[in-house]
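You will see two complexes here that share chain A, one where it goes with chain B and one where it goes with chain C.
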Partner chain A sequence: MRRARIFFSGFALLLIFSISGCGFKDIDKRFFVVAMGIDRGSAPSSYRVTVRLAIPTGNMESGETKTEVETMEAPSIAEAVRQLKSIVDKELDFGHCRVILFGRTLMEDGVDDPINWLSRRRDIQQVAFLGMAEPDAFHVLKLHPQSERYPGNALFLSFGSEGTESSYTLTEYLFDWVRRQSETGKDGFLPIIRTDKDRNSYRVDRVAFTDKEKLRLCLDPEESQLFNISARRYDKAAIAMPYQGTRIVFALSQVITRVSITRDDVPTVTFHIRASGFLEESPPNFMEGDIPKIESRLQAEVNNRLVDLLNKIRGAEVDPYGFGLHYLATYFGNTKDWEHWKKVYPEVVFRVQSRIVIEKVGLVE
Partner chain B sequence: MSRYFYYHVIYVGLINIMLFVPWTLVHYRFNGAVSGMAIAAVAGTFLAYLTTSLYLRFPGMSLPDIVNSYLPRGFAVFLNLIGASLWVVAGILVIYSYSSTIQQFFNPDMNPYLFLLLMTAAGVWGASRSTRSVQFAQEIMLLISAPLIIMILFKAIFSPWLDWDAIRVTAGYVRTPPSFISFCAATFVFAGYNTLAVFNRLLPPGTQIRHRWIIPLVCSFFLLVSFFVPIGFHGTVGVAEYLYIWSVTADSMIMEYGFVYRVLYVFLLLYTALSLMFAMNTWHTAMEFIKACHPRHKPKPDQFPVSPANWWINLAFAGLTFGYALWTNEQRNQWVNQNWLIARTFSDVLAAVILGWLAVKAARRKRSPIPSEAASQDS
Partner chain C sequence: MIEEIRSDFIDATDLFTDILDNGFWAIEIAYFPSLCDERIKDGVLVPFSYRFDPDEFRRMLHSNPKYENADNPKEWANLLLKGYVLLKIEGKHYSFKSDRTPVTQIDIAQVESTLQGPQAAFTEDLNINMFLLRLRYNVPSLTVEPFDKGTLSRTALFVVYDHRLVNPNILKSLHKQLDKVKLDLLQSSGQMIKQLTEKSRRLFPTILETERPDRVASMLSKGKIAILINGSRFALLLPVRLFDFMHAMDDEYESFWMSRLLSIVRYFAVVLTITLPALYIAIVSYNPEIFRVQIAFTIDGSRAGVPYPSFIEVFIMLFMIEALIEASIRLPRIVGSTATTVGGLILGQAAQQAGLVSTIMIIVTSVVAISNFVIPNVSFSQSVRLMKYLFIVIAMIYGVSGVAVLFFALIVYLCNLRSFGEPYFALFTSRSKEKSNKEKG
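== the complex of A and B ==
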């Protein structure tokens, strides 16, 4: 028994020795990539990869963070990353890469190769935020906003619900976009990131739609917000419209949507949306005006704008709402139904039935 | 006492991810996986009820003890060796796929055999304990992992990014004729009752396993989650592109206010515990099958200190694991996994048939007026 104990203590010690030998590098010998951008290169079918690297520092003051931007062109992304490693002094680590940007020209050409690389690399997070950079990823990544508290966080606080929650900013994760790239009856969308005019902040208020290959349509900010509300049920948004010479701003607090699709030869898609909320700006003496009238005016406004948006998206032959998938899901469709849907989608009729409920009128009458 | 039985049901139900069950099912998702799962749920429940009832007719006896006392020696040894090989392969497959997952997601530069060494060392130590210790270790580990299991399951099911349309589309393929391999893969989720093969020794005579409806309920839930949640996260088409399907699914969830941002790491931590538990159990069971082949074997579920034979048998299992890791690659590993799942389904049915036959035999012997020699072996 005693001999066995000695033997096993020796064995455990041996295991400890072997641990020091494996591939871990110290944290001060690593460069953490906080954001990454992929653009078209200057030569045909080459890529330009830009990485934003965090330089670890002791102090945590806003605007004091140090980052380094490196860029490299190569015939493939993997080669570009390999070459990037040769111009930095520390090991590149993609484990903390929270934002991945595609340049606009790359999106116009198609993004099959980048997707392939991103899904093969096991160290790229599936929950990294994706975006399309205008005019290109390099210029967006070069920007160094004053508000950054730690490297790169201004960029990823724009997305998700950690930092600012803007109804114009859509959030798209890598895994969601990759699935949309192959899914039947559902296409991808990407938020568009631009640098602000004063060159001190990012501007994320538009959305781009892609089909299975490349960029198809970009929406303006108002339409992007409507898309965010209707497709992603985003409820920290507002709907504004003119009313009796002033403007009514209806702030949402809850959005419920439901889509029903008929099984006719040319299906009719009925989009039900129920939004409740309160008025942030309303005409004076609101209590005397009647709420149902304002509600019906708002409903008519939402119906019109949403039908226009749906028709515009259909006209670009993309389906970011996933109507095709929903059609298949509703009728448990197979390949034949899918072929039918693809054929008739350009002629599909959209109807919107909105229900607006004004719950509160704000603190004043 | 029956709670110990349900611990087995739960961790076997969860470990299916490491045996490529979701991967197999996803590959047949348009060709009979869903209908195979539906049939497997019925068959698995039926087998679970039947097998547990049969074991309870042999109080305090493990499957090797039962076959040893009722069957001719050569045949009994043959059955025990089949049992041992099936059980030991289960442990090897889980340890191998867990260590290759870890290598993929933690540190690809690491020597793959180093992690295998750590896992097998822990497995050898755990499995060579006495049956009672193994059972207690199990309870502790499962209770420690329970919060993680619940958290990941609920995070997955209630995630706003889970696409229910994709799940519905796939569920619609229940109308396709079932595929055999998906049926076998799906029955594995229900296979927790099999651990009674050794742990029946610890159930005191007269024990009743109550609330057996837990088996169909919990196992069907695990089966549905492990198949449909990856589809909901990666789409009806995209889901087939991934090899480590659940690791990627866990990586698609985030904890914004958690101390670890990526759920992936929590998931891998949980599966460290579950894989070790599974390896410990399967190797312990395989070891007991092998020990029962000895002509003068006496079951000692509470032995302390354990006999050196325990160590040697488990060290041999560890050696086999290394041999397997040397021989295998991704294609071979999947081939072995699928064939193991098929073999396991047959052995389940076979075990139930043999047990049923022996139960009838035992009842006849008891009724016969002449006290037979088996009665003395029985005690």
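== the complex of A and C ==
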């Protein structure tokens, strides 16, 4: 009895030791990929994968970080990554890859295959930031900003809400984009990342819209900001307009939006937006001046600009706001409703009803 | 009588036997001078010698409670060894209680010190311990059952409980366990714990050892049973739950929020000290993406010069810290500071500069060591100290998921433990259940 017990426990131990976790590899034997870029290769239907690798040092000082950029062309991304492994001395680890960039040419062709690869790999984080690089991902990744304290951190900080929070920078996660790609009645958007003219920092102030396949529209910075405010309810933004020879800058502190869609033959989309905030810049000696007047001027301004933006987006036949999804959700959407919406979407009428509330005029001594 | 006793104690040269003759009576006397004190002089010698009066002496024999009849020769040896004086007066045998009790000062608590609570601790004298206990818990229902354990040492012990509150089933099983005790020398409460625990190879203690009379008193008021052992500074308490081991007496004396905060800190420290070295291995070697980017790169950079895999690094540091702890317990106080200084220097700086371990590992080691000392009970703290090695081994093989599964297994094991039939890991005990138990019994 006792013998059998010892035998069985020994046998169990043997079995336990023969299985193991997911690969013992010490942290210093890993090469962390901090950013990854995917471009169209020189040959047709080939990819050029660029990875930015971190070379860690014991103590980190601003501008002292070392990174290595490796690039490889192959018919598929998986093959490119395998080949990349052969030119580095440590195991590639995508666990800290927070930024994934697609080159513009690739976006124009469609990114189904890369997305497929990204969502299959276990070690690619679904919370990675996505972006479209102009002119291509390789050139953006080669940039080495002076302010970087640890490898890749300038990129992380530009996107995430830890560092700079710019109203021009939209943030899109991998998981959200994959969802938008498969969601009926809602299309994806990606921030466009460019290198700055002095080649010292990144510039993320535009947004690109895609339909389910490829790139359809790019907005300019002002429109990107308005999209950020209206679609993402981003409230660290400002709306500016000329007023009596100077400019009024209205800084938002809260944004509430609501969409209602009528069920007509050609539906009317009414976009309600309520923004409250304070004046960051106003004419001198304004004091408690004519606030209602300014509010109505601002409302008219927002209405016009937003209707223009919505029409422009509609013209490109993309739907990043998710009006189609909203329509289907409101009216028990079946396949016939969806067909109808697709047919009439280019003629949909947009109405914007904005309500601007100036809570205070700012602190002026 | 003397011959019979002498035949029992053939080689005991420290046994004193004599026949005293004051001209009227001759009495036989036998005792161990080392076990008896000066009370012999007042109790026997003075009344027998120059103040001798036969009637008064007889009266004294019957009225003084220290004199007892000892006509059974089988008990003689036992009585002598307990510090009694044996007398044979007018053909009758008497014993006179004159056991030596060294004057013991009540010491201050050393192992379980508190800031503002009572400072007194149990002594190595059973009667003083009983006094300390009665001082705090003095009700008529306090029951004291005396026992003798140890075939050679014959150590006296008291089983103390409040018979209105105690659970009779537990008392019954305690008596059963006490009957089974097989020991030659009972010298410390730790031995008793081993004897009383059914499965002696448990990973966690199921009997609480304490040197604080106030803890014993507060536990008695909850219906627990205390065992006081002669010659041991520590009392045993049973049945106990895991949470009793994590309870410092300060918790009852400090203000409400402060004591809650401190006990949360304590539990947090236990979890840290068990899992931190294992998590270090698991995260560094299996899933570095759990870290934030900055710390991943810092560890990466500081580990770059370390030649060994992470688990060897952990074992190096933990060996050093365990050796240091062991050394500082065993070493005399005067040399002790040298050991800690040297050890601290090695652990703090040199090991890292020599490229033997990474900077983060030093922090891990210190957190583990300090967190371990936060646990108020020594034997529980040692169990926890042991547990972390199990976690390290599992982390080496299975990584983060292994640590998670083992932590679950640990909780299952704790739920399975019983302390004298009572669940060890019970989060709360209902008073009503305790009462109904008592009524049934």
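The rule we apply is simple: the second predicted complex is superposed on the first by the 341 of 365 C-alpha atoms of A that agree within 3 Å, B and C clash if a C-alpha of one lies under 4 Å from a C-alpha of the other, contacts with A are read in each partner's own complex, and residues count from 1 in each chain.
Going forward, contacts are C-beta pairs under 8 Å (C-beta built on N, C-alpha and C of every residue); 3 or more make two chains touch, one makes a residue touch a chain.
The structure displayed is predicted, hence computed values, not measured ones.
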Partner chain(s) touched by A:27 [first = chain B, second = chain C, both, neither]: second
Which of chain B and chain C A:162 touches, first, second, both or neither: first
Partner chain(s) touched by A:181 [first = chain B, second = chain C, both, neither]: first
Chain B versus chain C as contact partner of A:173, first or second or both or neither: first
Touching partner for A:57 - first (chain B), second (chain C), both, neither: second
First (chain B), second (chain C), both or neither touched by A:125: both
Contacts on chain A seen with chain B and repeated with chain C across the two complexes: 21-24, 125
Footprint of chain A on chain C - complex, ascending: 282, 284-289, 293-294, 296-304, 306, 309-310, 359, 396-402
Residues on chain B engaged by chain A in the complex (per definition of touch): 104-105, 107-111, 114, 117-118, 121, 161, 163-166, 168-169, 171-173, 175, 233-239, 241, 248, 251-254, 256, 262, 305
Sites on chain A touched by chain B in the complex: 1, 11, 15, 18-19, 21-24, 119, 122, 125-127, 160-162, 173, 175-176, 178-184, 186, 322, 325-326, 328-330, 332-334
Footprint of chain C on chain A - complex, ascending: 16-17, 20-28, 30, 32, 34, 54, 56-60, 93, 95-96, 98, 123, 125, 150-153, 156
